[in-house]
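The structures considered in this document are given below.
Both complexes shown next keep subunit A, but they swap its partner, so subunit B is in the first and subunit C is in the second.
Presenting the complex of A and B:
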């Protein structure tokens, strides 16, 4: 990753590969160079989550300043937790309880402005209380 | 139970899950996202195949291999949950080569604790724990009463069945089903149903009845 060095990276974990990729595409536009990596669907392209995909995405998103993981539902949370348990101590990645789209947008804006990991996580979590209109 | 008995358990579990995949999916379609049977069949098939190739030489190594396969290949929430259960059970067995009735009890308890911690569910939330919890308790009661492994695992399988029946009137508080609220009342929990199959496979193998 030449872009995004020194910025917090973002991994978007969804049951649907299309949803993860679409959200990543949307968010990348406003991420100010921070890396946003989708990890959606199972390895064979079905609906579900893949720990292998999540692990690879964390590696791709890591520019040295930490990575936030934003899951959609259910197994996305459990798969991410399993990956983090396996990487214990070897990763700065953290799982965040935030709305998938709004949380990703807030995290990307914060990451792009050079915020540190804790500040990016806080931004994503605060998105839960932001009114849409 | 030696290493080959644990391999036989996994093989029998994979067979039972494949045979019942449609039923599990039907249960999940009623209150979840309808993928439990398909996912778990894929996960256990991968586990069974991985075991064929792996040089897992102890019961603990067999369970850890199964856990890894389930976590990476299943695709749904049941993968990390059962995978963690098998891995924690495998860790509890450490390097033991012949698992006695007490040791298997501690492995089952470790599986329950691992799943409970990962999913943050409690008994009564309409999850696999509602079958696994009663199974572990019944196993331990039987073991303390002097039952052998076959007797204790039979008690566990029967308790899991009763636990599954008790999920019918429950309101789901975890997973996709929790979004459906009251609509989940009146259905068996698919995770509890698959736990029954795993316990039944274990009882079948310890009774020496696996085909």
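Presenting the complex of A and C:
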């Protein structure tokens, strides 16, 4: 285990709340107990991203060892960056460039086995080169 | 050859036949097992396909279906116990 207080948390940022929630459910089960928090859709439940939802999800996911943000598509990156800019210096959350599902699975399995923030990020990024079959 | 659990050169091998396809859940369990034994390497071989159990995506990408013979090679501390646990995950009816 790491010296942090808890496991590294993972936030899945999607334009669709159903996509974020479904991915979080799947990934949580595969990882057997990692903290995976969905941040999908707009405030009114439409398609899009919400900086408020992302910020709340980061707070929920943070157990003291850092948080990894995995965006689904480009403009989720913009929302995540804007949240990180607002939280500047007050968060250990880091945005990673990784495939949404594979990156989330790899990150959550790493986080669930007690890997530290850098190792979880590396696991998510490596997923980009993983062949599906 | 007897092996002590302290022996970092310990090696254990198990050959199992999958009762069902190697899906996401057992792949996750194997990766977590590997994560708990950081000094120990768990290598899976099924036909032409190979994967280190640490890589959950690589294990899923093996595409091993029911009836596939999988060789589990474990090297490092607690190799025997880890090999038993890995074989148990692979042959569990659940998952």
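Definition applied: the second predicted complex is superposed on the first by the 127 of 133 C-alpha atoms of A that agree within 3 Å, B and C clash if a C-alpha of one lies under 4 Å from a C-alpha of the other, contacts with A are read in each partner's own complex, and residues count from 1 in each chain.
Methods note: contacts are C-beta pairs under 8 Å (C-beta built on N, C-alpha and C of every residue); 3 or more make two chains touch, one makes a residue touch a chain.
Keep in mind that this is a model prediction, so the values were computed, not measured.
Based on the superposition on subunit A, does the combination of subunit B and subunit C result in a clash or a fit?
Aligned on subunit A, subunit C fits beside subunit B.
So in the superposed three-chain picture, is A:65 touching just subunit B, just subunit C, both, or none of them (first/second/both/neither)?
In the superposed model, A:65 contacts neither subunit B nor subunit C.
Mind working out whether A:73 is in touch with subunit B, subunit C, both or neither, as first, second, both or neither?
Only subunit B is touched by A:73; subunit C is not.
Under the stated touch criterion, which partner chain does A:133 make contact with: subunit B (first), subunit C (second), both, or neither?
The second partner, subunit C, only.
Could you say whether A:112 touches subunit B, subunit C, both of them, or neither, answering first, second, both or neither?
Once the two structures are laid over each other on A, A:112 reaches subunit C alone.
After the superposition on chain A, what angle is formed at the C-alpha centre of subunit A by the C-alpha centres of subunit B and subunit C, rounded to the nearest 10 degrees?
150
A:51 contacts which: subunit B (first), subunit C (second), both, neither?
In the superposition, A:51 contacts subunit B only.
Touching A:30 in the superposition: subunit B (first), subunit C (second), both, neither?
The second partner, subunit C, only.
Regarding the shared-chain residue A:14, is it in contact with subunit B (first), subunit C (second), both, or neither?
In the superposition, A:14 touches no partner, neither subunit B nor subunit C.
Look across subunit B and subunit C in the superposition and give the shortest C-alpha distance you find, in Å.
For subunit B and subunit C in the superposition, the minimum C-alpha gap reads 26 Å.
Give me the intersection of subunit A's contacts with subunit B and its contacts with subunit C, in residue numbers.
After superposing on chain A, no subunit A residue contacts both subunit B and subunit C.
What residues of subunit C sit close enough to touch subunit A in their complex?
Where subunit C meets subunit A, its residues are 24-25, 27-29, 31-32, 34-36, 55-58, 61, 63.
Can you list the subunit B residues touching subunit A in their complex?
Against subunit A, the touching part of subunit B is residues 33, 35, 39, 71-81, 83-84, 118-119, 175-176.
Going by the contact rule set out above, which residues of subunit A touch subunit B in the complex?
It is residues 42-43, 46-52, 73-75, 78-79, 81-82, 85 of subunit A that touch subunit B.
What residues of subunit A sit close enough to touch subunit C in their complex?
Contact set of subunit A toward subunit C: 26, 29-32, 102, 105-106, 109-110, 112-115, 126-127, 130-133.
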